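In the part that follows, the structures are each spelled out as structure tokens.
Heads up, the next two complexes both have chain A, just with different partners, chain B and then chain C.
Then we have the complex of A and B:
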């Protein structure tokens, strides 16, 4: 990503974030492939890079690349929204390097040290062993410092420059997003208390603050890529915030069905999490509506050209609108009611939902933001899809949908055999895993994972070359 | 000037968003106080006096735990019975049992258990759920896992397995050697026994009750 056309330092910093995020995205897919191979060939890298290590790297790289791309997106849009250069950009750049270096150290320790003795030094320096936030305690403090610096820059810039609705939403959202991380930074012997607060980080990130972030980014994208009216877009944004937080915050109850917490979470979790798909429907309609409206207005003026000034980015944004609804909304709703969740909790069903939701809700829109970064860096006025753009989006999407369908079938086998028929014991578990439908599903998952990775290679090729493609309008 | 409808007023929707978010957050925080009180760990006196806690104290390792249908609640609940020896003793003090649980919980995180297994149903799906693993018939006197390790009690069999997992394959997919020491294994088994006593609202359903139903028995 060349920076020659960028006069804003904030946007330059954004491209650094996007670049590092793209590298980590590759690492996420590679370790995902290792884990997928291990389901099919359990001896693969046994006692070298065990499934647990591959999976830690798979899901940690996922979370971290998304956080990097989110920070990048905010640094990208701030100058456009506020009309000024981002305040504290020097500190922002320093924090980028600290963050990136810390991530490299954490990853090397995961890979080379892997596990430690059962004492506090392991928790501080090797792993905290809590899914998604395994990063050792020292890194937690580093992340808090980096997040504080980021939120500080966002607030100072928002207060000094023009504070649009989008910036206001981001300010409120990013402070909640950063603050929630603190809920995952303590040790307790009581595993119910442990998981209660662990969900404050995981759920209130991905089913509340991250979703609101996506709403704000989609709003920014509609204004910059289509020229949609700010007033309409921001009104929708506020409605989405009400619906997302209104359902998502108490929707947390669907994680409190079986961890030792009281029965009343059944009703609260069922009701509010069942409402969670609604804002996602709203967001989908919102994107398509604004697209149609802006295009229609232009056609009415007799101009028969597309209103979209960045085809690849907009493709990913539309995919986000639908993928968020399908992956987070529908695949989440499938197993959110306690009567169903009693049997699906802790099966590949969750994994199927996880794959489609993280992709549909977050990966898509963040890849779209990366394309906006390439457009800006190369001074492109109207950016078209190249062959590689189309191969990338097609292969990645079919790969992820294919993995999701495979994992859903595997989940059904687990639910029926291991849970309903056999009663969830050790033997029940392996009876389910040995079933033909399960093992075939895992073969397909591996194949679809490879398809996804092939799509990623096209994406990187496109990132590196599309800027110089002659078909774009300058 | 025509009157502008409140429904198309951004300020109205901004305020609505703030109120809805505030209300949901306050409700969550209020429920958190109630839940925190209900899931705080019990103590030895509770166990001695038969006070039922959702998360019993660490000395629950001195007692026999079963998982039985509660007809009133409509699902199974852990039932704490009479004394039962754990590594040859049933008189662990609150401090001793607490130290074992502490070691076990630390161990569960230091060895990344949750990135293959599920605990209370959360984690990875590459290996069996451990929520009620202490109660798994396979570790019991007639069980295949106990027989495989050549030990005579549940806890010794589990501890042996944890220290040398790849010596005892139960499937093509095996648990790797994680350098678990004898003391850490004891702690981990205490942690698993304690976890099985947590009231999980009937999760997992029918645990250990159905054997071989797949084959029509």
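Then we have the complex of A and C:
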């Protein structure tokens, strides 16, 4: 990412974070493809990269590239929002290299060592073995140090510079985001108690702090890309934050239905999970409201030109509004009440929801932020869509939607055959997976995964070349 | 021979209607606030507002179907009724605040 037009060191650091995030995004898709092939051809890369390893890499790369892109987004917007250079930027840069180096080592250990002797050395140096946050304990401590440094940068800058609503929300959100990671760093002998704390990281990240982060980034994007009124945008943001935290924190109950926690979580989980789609509808309407309102004001002045100054970024932001509503909202609401979750829990339904929700709610807006980074780095005033950017957004979106539909069909088969008809027995699990509908769905999932990867290649091509495209207004 | 166990809680034929109705809860719900918003920002004419409330009614109906097929408990049923009343009032509250913010900006 060229950054010769950037005068702010914070924005330069943001481009480093975006670049590393894009590389990890590619790794995520690549190992996802390996795992998808293994569903169709179980012998593929057997004892070289087994499904368990491919899955670890697929999911952890997803989480880490998003964290990198989130940190990058904050470093990008801080100078604009606070009006000053980020405080302690040199430490920020040092922490970036420590974080990146730690991730490279962890990935190499996953690939080359893979398993340990199942004692403390495994936990400390190879993997902690907990889904989504499998990093070994030494890396956990490194992540805590990096996160503390990042939060320090954010707080010191926020307190010294202008305190906008967006920065205030981010300050509160990021301290919760970093603090919650601690809940996933210790083990208990009782698996129910262990999972109880583990969900504090997983759920409270993705359905509370990450969603609030998306709300703040969307607010920043609407102000910078459309010129929307800050007061209006920030009012929406506060409503979204209160709704997200109001429903999202106790909505965690939907993970406590079947893990051995007390039964009162049924009612708590049902009530607050039912409310969880409300802020997603609000976020969806918010983007359309501000877009319509700002364009309407422009048209009323007789100027018949688009108010959008970064078309590719805005395309991804609008996709975020749709995708968040579809993936997190509709695909989440499908199976959020305990009565139906009894059947869907742990089937490909969850996987379908996971694919569309992570893409719709997070990947889209973070790719949008990367485009804003490219615009700023190349000194582009009005950035337009290129052929590659259109191919990228079309292929990635249709690929992910295709995977989601395939996995939903596979999950539906599992719900009917493995759970409802055969009562979730050992034999039911295998019978459900050997049926024609399930196996064909997995074939389609692989094909759609390949489509997504092709879209990613177009995205990288566009990232590398769009800065020099003559059609943009400088 | 593998024994087939039919779980009593949800009938086999009810799964598809449950998934479809739950999807429509959110789709109709989005139409309700979408039309309401569009009328407020003058993209749609005022006479279309009753359609917003019609979609709210359809949202309630879909939630009722979903809840009935799932056999939700008494507490959950009451919670869902409260959620729908809250959902009816939500856009009114948001646009009341929106109106006040605009007044502050313009005067």
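As a convention for this text, the second predicted complex is superposed on the first by the 474 of 474 C-alpha atoms of A that agree within 3 Å, B and C clash if a C-alpha of one lies under 4 Å from a C-alpha of the other, contacts with A are read in each partner's own complex, and residues count from 1 in each chain.
The rule is simple: a residue touches a chain if its C-beta (ideal position, glycine included) is under 8 Å from a C-beta of that chain, and two chains touch if they have at least 3 such contacts.
Since we're looking at a predicted model, the values are computed, not measured.
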{"item": "Contacts of A:339 with chain B and chain C, given as first, second, both or neither", "value": "second"}
{"item": "Touched partner set for A:329, first chain B, second chain C, both or neither", "value": "second"}
{"item": "First (chain B), second (chain C), both or neither touched by A:431", "value": "both"}
{"item": "Which of chain B and chain C A:297 touches, first, second, both or neither", "value": "neither"}
{"item": "First, second, both or neither for A:85, with chain B first and chain C second", "value": "neither"}
{"item": "Touched partner set for A:275, first chain B, second chain C, both or neither", "value": "second"}
{"item": "Partner touching more residues of chain A, whether chain B or chain C", "value": "B"}
{"item": "Partner chain(s) touched by A:347 [first = chain B, second = chain C, both, neither]", "value": "first"}
{"item": "Partner chain in contact with A:116 - chain B first, chain C second, else both or neither", "value": "first"}
{"item": "Which of chain B and chain C A:422 touches, first, second, both or neither", "value": "both"}
{"item": "On chain A, positions contacted by chain B and by chain C", "value": "231, 235, 239, 342-343, 419-423, 425, 427-428, 431"}
{"item": "In the complex with chain A, residue positions of chain B that touch it", "value": "8, 10, 13-14, 16-17, 20-21, 24-25, 27-28, 31-32, 34-36, 38-41, 54-55, 58, 98, 101-116, 118-129, 131-133, 136-138, 144-145, 166, 170-174, 176-179, 181, 184, 187-188, 191, 195, 198-211, 213-214"}
{"item": "Chain C partner contacts - residues on chain A that touch it in the complex", "value": "229, 231-232, 235-236, 239, 267, 270-271, 274-275, 277-278, 281-282, 284-285, 288-289, 292-293, 296, 325, 329-330, 333-334, 337, 339-340, 342-343, 412, 415-416, 419-423, 425, 427-428, 431"}
{"item": "In the complex with chain B, residue positions of chain A that touch it", "value": "35, 38-39, 42-43, 46-47, 50-53, 55-56, 114-120, 122-123, 126-131, 134, 165, 168, 187-196, 198, 231, 234-235, 238-239, 241-242, 245-246, 249-250, 252, 255-266, 268, 342-343, 345-348, 350-351, 414, 417, 419-431, 433-434"}
{"item": "Residues of chain C touching chain A in the complex", "value": "2, 4-7, 9-10, 12, 15-16, 18-19, 22-23, 25-27, 29-30, 33-34, 37-38, 41-43, 70-73, 75-76, 79-80, 83, 87, 90, 94, 97-98, 101-102, 104-105"}
